[in-house]
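In what comes next, subunit A is part of two complexes: it sits with subunit B in the first one and with subunit C in the second one.
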Partner chain A sequence: MAVMNDLRTMKNAAWLGWQMEANWADPFLFATYSIVKPISATLILVFMYMVVTGGNTDNPYFSYMFVGNALYMYVAEVLFGVTWVIHDDREHYMTLKQVYIAPINFYAYILGRSAIKIAITTAGVIITLVFGVLVLGVDIFLDDVDWLLLLGSVVLGMGCICVLGLALGGITFLTARHSIGINEGVAGVFYVMSGIIFPITALPAWAQSISKVLPITYWMDSMRRAVMPDAMAELSTAAATDVTGLGGVSDLYIMVYLAISTAVFFALSLGVFRFADGVARRKGKIDWTTAY
Partner chain B sequence: MSDGWIIKNLRAVKGRAYPRVVGAQREPSWVFFEVLLPLFTVAAYAYVYQFMDARQELIGYVVLGGAMTAFWLNVLWSMAAQFYWEKEIGNLQLYMIAPISRMSILAGMALGGMFSTTVNAASTLVIGALIFNIAFHVVDPVMLIAIFMVTMVALYGMGMMFASLYMLFGREAYHMSNLLTEPVYLASGFYFPVKYLGVFAAAGASFIPITLGLDALRQLFFTSGAGDAFLSLELELGLLLGLCALFMVLAHYSLRYMEYLGKATGRLTLRWQ
Partner chain C sequence: MEAAVETKSLSRVFEPKKKKEGKSVTALDSVDLRIEGGELFGLLGPNGAGKTTLLKILSTLLLPTSGKAYVAGLDVESQFSAIRQKINMVSGGEISGYGLLTVKENLWMFSQFYGIKSKVALQRIDEMLKDFGLSEKKDAKVRTLSTGERQKMNVIRGFITDPDIIFLDEPTLGLDVNASRVIRSYMIDWLKDHPTKTVVLTTHYMVEADELCDRIAIIDNGRILACDTPERLKKMVKMNTTLSMDVTRLKDAAVLGSFSGVENFTFTEDGDKGLTRLRFVMRDESGVSDIISAVLSQGSRIESLQKTEPTLEDVFIKMVGKGLE
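== the complex of A and B ==
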């Protein structure tokens, strides 16, 4: 019964999230918005690459960079989406207190709202990757995709990003207008440190040590291994060194590392969220507004 | 005592600039984020160039472009979108009934925003230059100041024009600002020389003042910048002056028209739409 209630909460929260994301415009305009933004962000890197190489997209690094930047949308958008639910409901629409006193599981509500963010981001990622393959010759071939690894990576990676978002969401309860900065800061650390658009071996040694602890580094590598295995192999072969920094790590190790990271972050995030929630209730911050 | 129209509007400029200059500095954590956040993108893009063994000037362009993003974001979120926020929190009607020009309010926002953003952008520029060992060679400081000033006037003039549109926007204001972020970074060549977009695309993007401003600043900050230039410095200065005049005039008429439209359709006080 409780599970059914939670599922219903998730479904309705997802519907609400969709309405809030999409009902401001007609579907064509919304689709344009959803396509132009991610493709523009990726084209910045494409032009940077072109300026240096003169347009040679056959290099496996091009695919490495393109795919990494496309997948990073998940990190940025989902992290941001989870915390934005709390910020937006509390500060903008001022409905967080009503959600709180409703007889629903608040985590189910957050998950439902986040689910729609994941769905919209997935559309952006797919559009970007299709554009890359068709127009720019990114090395993704459906016959070569390791679907099992892809499925495992997506499930564990999304889980990990969502629980990180939950911790940041908890912190949002206690901050005024800092949640956007904190989110972008955390996402920015991942962008630089997790081998998103360049291999972590380009970083100084001290930074590489940090990179090898971050779960997003492993997630990004496993996703690339799943969708572009040939380009990943070619990248290290061409350089005759372990360019990615994780060349000696097996797929299984990555999956186990991601699973453990997700479990650890889940426990930590739950703790942070509950603590922040308790403090917010005690200090009356659930219906706090700071003129965002 | 009845103040003259000019004095009243100058007071409005001062009054609206004050919270931008003083208020922003009262919360040091915001300054921290505004300086720090662009550095992540700068660092990531700089490492991309380093990984590809690109020439050092390109990394310098990234640092310069990263610093200049502060101005574009300020124009988008704190100029153009400001009337939308004011509407949402119920202040817009107070602006409307005040016996002052809307342009004075926006000019105050622009001046205050320009000051605090310049401080943040300069910090990003200096920190980025130190981290990535970028050498700036300013050969013509007078031209540098002139280009920077006209770029800012034209850019904030464009922000004023956008403000009139945002005054009527509902929830799409947030999406519109998002939509104008990455595509403008791309079109204006924030992280690579704009001439690589091709003549027609670069010419189209030149209607965004920061495109020409950045192209000129690259020429003034880096010895090899002229080789990556889209247009000559003198031509860019002339075009930017033209854009200053164009956006100021357009902003004036656009604000008047949009205010009338907002009153006629009852959207000036409509919240959470």
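== the complex of A and C ==
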């Protein structure tokens, strides 16, 4: 019964999330925005790369960077999005207390809202990758894609990013607008340390040690292995060394690592969320307004 | 019988973020309260009295610092999930609502959080929008509503879930007379239709509290100063009732001052209108019927009659030492 209630809450929260994300413009404008936004964001990095390398998009590093940058949208959007849901409901729409006192699992509510963020981000990631393949020659070939690895990576990776976002969402209960800065900071750490646009081997040894603990590092690597196996192999061969930092790690190891870290972060995020919820209720921060 | 709401030595202290930022504020100080099912209970007090803090604790938004609070017999600290299935809350003076959704969508969404079947919810939404005169705004985006319309929508949101206990925090704050009247009469009708349900209302408005509430608690500085029916509260003020009467010319007005309960009696003749103006200051109302009989037995006719009693405002001033405004 409780599970059914949570699923119903997630469904309703997802419906609300979709209305909030898509209802601000007419469908044509929204569709245009959804296509233009991720491509534009990616083109900034593409132009920077071209200026530095003299337009050498044939190098497998270009595909490495392009795919990493596209997939990073998940990290940024979900981490930022979960925080924004709480911040926006509480301070802008002033509905957080109304939702909070409803007989629902608030954690399920946030998961539902996050699910829509993931769905919309997925569209952005696919649009960006298709643009990369068709226009910029990014090394993704459907015949070479390891679909099983891709499916496993997507499921575990999304789960991991989601629970990370929920932990940060719990912290948002206790902070005002600063929570957005915290999330940008955390997302920034992943951007630098998880091999998003450059391999972790470019980092100093101490930073590489940290990188090899972060689940996002493993997720990025498994996603690249799944969608661009040839380019990844070419990168390692060309450098004749472990250029990505996880060259000696098997696909299975990565999946197990992702599964364990997702489970650990899930328990951690539930704990953080409940703790933060209790503190917020004790300190009277559920209906706090500071920014508007 | 189990109380709808019960508090025992309930206190809430807000500590400053940093010690140098000032002293702690005691919002509630050992509040003992018992509200029975079926009551329309009012909390009357000035700004900062602790009304909203009490409602926040009862609606599981805030934890007490000490003491106990029970809603429908359930502890607000440990059984908050069960409480949430039985309550709802509406705050006045807010502009809450998802502006991108329509009125109907907003109400429907909240009804779904309470597990109401979609078809039932949509039917209730239609009925309630009609009751509140908002039918025409059903498909309007919430961001386009006026303050009063938003407030009405929020009141509907509170009642649509059919709670056992509803907490209304200044629901008519800042609204015009018509909007306030609609909300007040809905509350009364709702309790008539659902006699076991409970409304806990905070208000600034004396008349609202006097007219609506079965019982009223006067609260100031976090303490309950008095709690009783409006009639009994008024009797706490030692103020005499004044009876003013205009009657057609009396043959013998002086005799009226001798009836029981009359403390002071004066009369004046209004020759132009052919009236005798009578003014009685009454210790109690035991002699009122005798006075009227005496007037009528002299062949006189009563043109007007006005009774002035102590108001809730007199009670409030006596208890708190100042008025609300």
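Following the convention adopted for this analysis, the second predicted complex is superposed on the first by the 291 of 292 C-alpha atoms of A that agree within 3 Å, B and C clash if a C-alpha of one lies under 4 Å from a C-alpha of the other, contacts with A are read in each partner's own complex, and residues count from 1 in each chain.
Quick note on the criterion: a residue touches a chain if its C-beta (ideal position, glycine included) is under 8 Å from a C-beta of that chain, and two chains touch if they have at least 3 such contacts.
Remember, it's a predicted structure, so these values are computed and weren't measured experimentally.
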| item | value |
| --- | --- |
| Contacts of A:Y93 with subunit B and subunit C, given as first, second, both or neither | both |
| Touched partner set for A:Y253, first subunit B, second subunit C, both or neither | neither |
| Partner touching more residues of subunit A, whether subunit B or subunit C | B |
| Which of subunit B and subunit C A:W147 touches, first, second, both or neither | neither |
| Partner chain(s) touched by A:T9 [first = subunit B, second = subunit C, both, neither] | second |
| Contacts of A:H178 with subunit B and subunit C, given as first, second, both or neither | first |
| Contacts of A:V189 with subunit B and subunit C, given as first, second, both or neither | first |
| Residues of subunit A contacting subunit B in one complex and subunit C in the other | 20, 24, 93 |
| Residue ranges of subunit A touching subunit B (in the complex, touch as defined) | 20, 24-25, 33, 36-37, 40-41, 43-45, 47-53, 61, 65, 92-93, 177-178, 181, 184-185, 188-189, 191-192, 196-199, 202-203, 291-292 |
| Subunit A contact footprint on subunit B (complex, rising order) | 29-30, 32-33, 36-37, 39-41, 43-45, 47-54, 58, 85, 88-89, 170-172, 175, 178-179, 181-183, 185-186, 189-193, 196-197, 272 |
| Sites on subunit C touched by subunit A in the complex | 14, 56, 59-63, 81, 84-85, 87-89, 91, 94-101, 105, 109-110, 112-115, 157 |
| Sites on subunit A touched by subunit C in the complex | 5, 8-9, 12, 15-16, 19-20, 23-24, 93-95, 97-104, 281-282, 284, 286-287 |
